[in-house]
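Two complexes are shown next, each including chain A; its partner changes from chain B in the first to chain C in the second.
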Partner chain A sequence: MDFIFTKKARLIFAAFMLIGIVAMVMGYANDHSAHHNRFWANIFVNGFFFFAISLGALFFLALQYATEASYMVALKRVIEGISQYIFIGSAILIVFFLAGTLHWHHIYHWMDPEVYDINSEHYDKIIAGKAAYLNQPFFWIRTLVYLGVWTFFARLFRKRSLLEDEIGGTKIHFKNMTYAAIFLVFFAFTSSTASWDWIMSIDTHWFSTLFGWYVFSGMWVSFLIVFVLLSIWLKNKGYLPNVNKSHIHDAGKWMFAISFLWTYLWFSQFMLIWYSNIPEEVTYYITRIEHYKWLFFGMFFVNFLFPMVILMARDAKRQIGYLIVVGVIIFIGHWLDVYMMIMPGSLGHHWHIGFMEIGMFIGFLGLFLYTVFNAFTKAPLTVKNHPFLDESNHLSI
Partner chain B sequence: MTEEKTIYATYDDDHVLLEGAKELVAKGVHIRDVFSPFPIHGLDPVIGIKQTRLAICAFLYGLVGLTLALSGMYYFMIVDWPMNIGGKPNDFFYQNIPAFVPISFEFTVLLAAHGMALTYFIRNWTLPGIKPRNPYPETTDDKFVMELHPSDSHMTAEELTEHLNKTGTIRIEER
Partner chain C sequence: MHQEAAIREPLILGEKTYGEITDDVMASVVGKANKSWWIAIGIASVMALWGIGCILYLLGTGVGTWGLNKTVGWAWDITNFVWWVGIGHAGTLISAVLLLFRQKWRMAINRSAEAMTIFAVMMAAVWPGIHMGRIWLAYFVFPLPNQFGSLWVNFNSPLLWDVFAISTYFSVSLVFWYIGLIPDFATIRDKVTHAVPKKVYGLLSFGWTGNAKAWNRFEEISLVLAGLATPLVFSVHSIVSMDFATSVIPGWHTTIFPPYFVSGAVFSGFAMVQTLLIIMRKVMNLENYITIKHIEYMNIVIIVTGSIVGVAYLTELFISWYSGVEYEAYAFINRATGPYWWSYWAMMTCNVISPQVFWFKKLRTNITFTFFMSIIVNIGMWFERFVIIVTSLHRDYLPSSWTMFHPTFVDIGCFIGTIGIFFVLFLLFARFFPVLPLNELKTILKSSGEQYKKNTDH
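Let's turn to the complex of A and B:
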């Protein structure tokens, strides 16, 4: 059945985006932080959070292809639709990095050439020691390669999926497996290095080998939340006639499991640094605990305890009410997680959650949903000729 | 009164058994149990088997493990013999919680998993060395057997056999 993007939904999302634009303009005008860092940090928090959701969708789609999984085939178009935000998301990230290169903001401390200059009073020995990796030309090459290859695969998978609807057969399916495997290997490296380049380099002196996995698990679970919520919504609207309770249950299991993966990685990173107490590592957490204590630990416990306590039982994962409540709460929780990655390094203790933060979150949410819904209208919401479609339709757990 | 015979109906396909069980239940037949080499999806609600309470056991074992681990570490590391490890504060329990988390987690999982496995074996009476109560050893390989007692469904053995014959069974035996 074809998805109808109703006028009402369009208006709501347009209103969201309008709120976002108002928040951006007012925020920029009232932003008294140095180099408008607060404004740009907000662009990055939201830009990265929603970009990461679509990247998580792309990864999850590739995982389905590479493992030849059948259970999510009935929901494949929902995953694809979410992954289609990656083009706009990449563009927003490029604008943000470009603003850094042009010194419109000062979130990337290492982009200032003076820190590498031994004669300057701003010379920073530690950053200068990282110059072989952390320099602007190489940063731009890496960024463009990541974004280029990811968007290439997003296009490729989408195109092949639409082609499969027309011609059918198993040829596309088997070839998808190869492409997905190539993507997954590339993604395994680049998801780590991208999070080092884009996020870890905000706290330039600090490093953590676990950081890439932590960011990756965050993007995976954020995607799964959106996936579960959108699937439930579409099913209730009657767009997914072949999706039964077992599909929702499986998706809920993913959300439950990856919440634990995220918790595990967050805690592993925290505990090792807390325990060894090495000054160059521990500063990262000292900033967060001193200035963001309630937000920092509160975010962690919400993202851990809500899925664990509420979604543990089998029946809870089969009842959409529980999934919606937990999903909405930890969706905000994971937005705060991205906020906690970016804000302390950009603003230190001058942080706020005010109209600018909330308004821009709503604005980006509107843009994201508008793009995703628009992608839903471009193709039927149920795939036609996938070899495992029939198996997926009869899923029963 | 002579002791009632038990009827065993053997199938060679799980799907045939599931469909047969649905037909039988619709006719008011009560199926006592099914022996199968693997879990048959959707069979439990058809033959009226209640959901397992093993999960409740697992939760209780986990709770015991968590309590043991936390109280043990509290006693060893805070009360009895506080040690200075990397200059970490050790006057109060809460100051050391991050270090205690991995052990608490492992101990919870250890007790929950072992308790669950042992409970399962004892409840099914399949501990090593115990003679199996399985009527047909081939149900651990490629056959599926339904166990029925005529009195459960208030029928004679003949009526029951007649119903069973329509369900694609490959053998009916009385023991």
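Let's turn to the complex of A and C:
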């Protein structure tokens, strides 16, 4: 059955985007932080958060191919649809980085040429030591390579999936496994380096070897939340006739499990730095604990405890009510996780969560959903001819 | 009803019936041991006895008989400890994580992998034990109700967390393994004719009757234990890594350690499973159950986990420079170019570079080559721990105390001894225990057996 993007849904998302635009305009006008850092940091928090969801979708899709998994085949088009936001998401990130290069904002301290100038009063010895890596040309090459290759694969997987609907056979499937393996290798390196380049370099002095994997787990779980919620919604609208309770249960298990992975990595990074208490490292958490205490620890406990306590039982993962409640709460929780990665380095203790933050979040949410729903209209929501389709349709656990 | 896609490869080859599966698995239990088994256990026993001799000498004389010195206070002892714990990871990963992921190929390997896990963890536990010197005071590591004045364990120490993590892991793995064995012991009990084995297997099978209710509970407890064991797979090696990472020693203190140690552990565990099973399938004629496809799947796990470890090595190397911390950078320069350069490059070659050959399907389905690679990985993972421990310590903050580590015959003897004991235990397992979960295998015969798949492929 083809997906119908109703007028009502379009209007709602358009209204969301309108709220976002109002928040942006009003926010920019009322933003008294240096270089409008607050405004730009909000662009980045949302820009990265929603981009990461689509990148997580791409990763998850490749993972399904490479591991010969069948259970999610009935929901494959949902994953693909979410991955299609990656194009707009990339464009927004490019605008944000370009604004940094043009010095419209000062979130990347290292983009200021004076910190490398030994004669300047702003000279920073530690940052100058990183110049071989943190310099604008190399940063841009890396960023464009990441975005270029990721979007290339998003397009490739989508194209081949639609092709499989038409011609069938197993050739496309086996070749997809190879492409997925190539993507996963590339992603294994670049998901880490991209998070160093884009996020870790905001706190320019600070470093943590685990950072890339922690960011990765966050994007994975954020994607899974969206995936679970959209799958439930589509199923309830009658769009996914082959999807049964077992598919929803499996998707719920993923959300549950990767919440643990995220918790594990968050805690490993935090505990080791807190325990060792080495000045150059611990400063990162001192800022967060001194100025963001409730938000910082609150976010962690919500993202950990809600999935753990509520979704532990088998029945809970088969009841859409529980999944929706937990999903919505930790969706906001993981948005706050991204917020906690970006804001302290950008604004220090001058942080707010006001109309600008909430409005822009709503605006981006509208843009994201509009794009994803639009992608749903472009292809049938149930795949045809996938070699594992029958196995997936018979899923029963 | 479960429906398996036609393109999936069969997991049980040949025209097997339920009865044949029982007979194939029981062959070693009811038959006489062949010559190669006696030779193997003979060699392993000699190694074990030498090791036990060295351990007794160590306990009688003191830890000074090892090559440790004031700068390098940990060397082979902790290297061997971490190496064995790492090997002990594959079993629970296979039985728990693969069970949760409904990977049916695990059934051919889980029983022996779990046995390997239990024996490996036992060998790991030897090391901190004998490292204490006065092993008769070993109970001090437990937080006992205080009868020793004000002497309590240090709850802030990751070494204590290790005690909890490893003993929990061992208990859960043992229970998991044993519960899986119960129905198979019962099958053997029903088949053997001699009175004594019948009595023994009868005791071991806890009076299993095989009625529907028992099977129902069996499946439920398996899932519950899998759920409990999965976080343990992560926690054990994470906490082992924290023995190092909570310190302020350059090369030890790095946040990536917990997940990277877990990945390395799975990597080395699967390598050891390959080493053991490639021989076992041949000697015990189990080629129809442990097929080339199984070996290929394990090789894929090896390449994935090996590459994760590789990414972690490169991350550490890069961040040591990026951090701008002089000591951190030096620790890594010293690893790669200092007096222990050979151990660093042995580690890099064995763990990161050589597993990449498994990208070629021809090589990852070649049995001889896989066996060779499994040994390479085992060596590489030993060197990884040696590199982390010794090269980080031997040149500390004070250049006047810089030194090298030289193992004594006791260091070497104790290590060889644990390998010997491990193999003795494993060989006994292979001789007297059902090495495949024969009852579980029967559940997939009709969906994944070769002749049944053929009949449905019209």
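As a convention for this text, the second predicted complex is superposed on the first by the 397 of 397 C-alpha atoms of A that agree within 3 Å, B and C clash if a C-alpha of one lies under 4 Å from a C-alpha of the other, contacts with A are read in each partner's own complex, and residues count from 1 in each chain.
Following the convention adopted for this analysis, contacts are C-beta pairs under 8 Å (C-beta built on N, C-alpha and C of every residue); 3 or more make two chains touch, one makes a residue touch a chain.
Nothing here was measured: the structure is a model prediction, and the numbers come from that model.
Participant: Clash or fit: chain B and chain C on chain A?
Facilitator: Aligned through their shared chain, the two binders clash on chain A.
Participant: Of the two partner chains, chain B (first) and chain C (second), which one does A:F260 touch, if any: first, second, both, or neither?
Facilitator: After superposition on chain A, A:F260 lies in contact with chain C alone.
Participant: Which partner does A:Q269 reach: the first (chain B), the second (chain C), both, or neither?
Facilitator: In the superposition, A:Q269 touches chain C alone.
Participant: Is A:E290 contacted by the first partner chain B, the second partner chain C, both or neither?
Facilitator: A:E290 sits against neither chain B nor chain C.
Participant: Identify the partner contact of A:S396: answer first if only chain B is touched, second if only chain C is, both if each is, neither if none is.
Facilitator: Both partners, chain B and chain C.
Participant: In the overlay, answer first, second, both or neither for which of chain B and chain C A:F207 touches.
Facilitator: Second partner only, chain C.
Participant: Quick check on the superposed pair: does A:D117 touch chain B, chain C, both, or neither? Answer first, second, both or neither.
Facilitator: Neither partner.
Participant: Does the superposition put A:D2 against chain B (first), chain C (second), both, or neither?
Facilitator: The answer is neither, since A:D2 touches no partner chain.
Participant: Who wins on chain A residues touched, chain B or chain C?
Facilitator: Tallying touched residues of chain A, the top partner is C.
Participant: In the superposed model, only one of 5-13, 59-67, 131-139 or 149-157 in chain B has C-alpha atoms clashing with chain C. Which one?
Facilitator: Answer for the clashing stretch of chain B: 131-139.
Participant: Residue by residue on chain A, keep only those touching chain B in one complex and chain C in the other, then list them.
Facilitator: 271, 275-276, 396-397
Participant: So in the complex, the part of chain A that touches chain B is made up of which residues?
Facilitator: 267, 270-271, 274-277, 313, 396-397
Participant: Touching residues of chain C toward chain A in the complex: what are they?
Facilitator: Counting only chain C, the residues touching chain A are 1-8, 102, 231, 234, 238, 242, 245-248, 253-259, 307-308, 311-312, 315-316, 319, 322-325.
Participant: Where on chain B is chain A touching in the complex?
Facilitator: Interface residues on chain B, with respect to chain A: 41-42, 55, 86-88, 98-99, 101-102.
Participant: How about chain A: which of its residues touch chain C in the complex?
Facilitator: Of all residues in chain A, those touching chain C are 68, 70, 125-126, 129-130, 133, 170, 173, 185, 188-189, 192, 196, 205, 207-213, 260, 264-265, 268-269, 271-273, 275-276, 278, 280, 387-388, 390-391, 393-394, 396-397.
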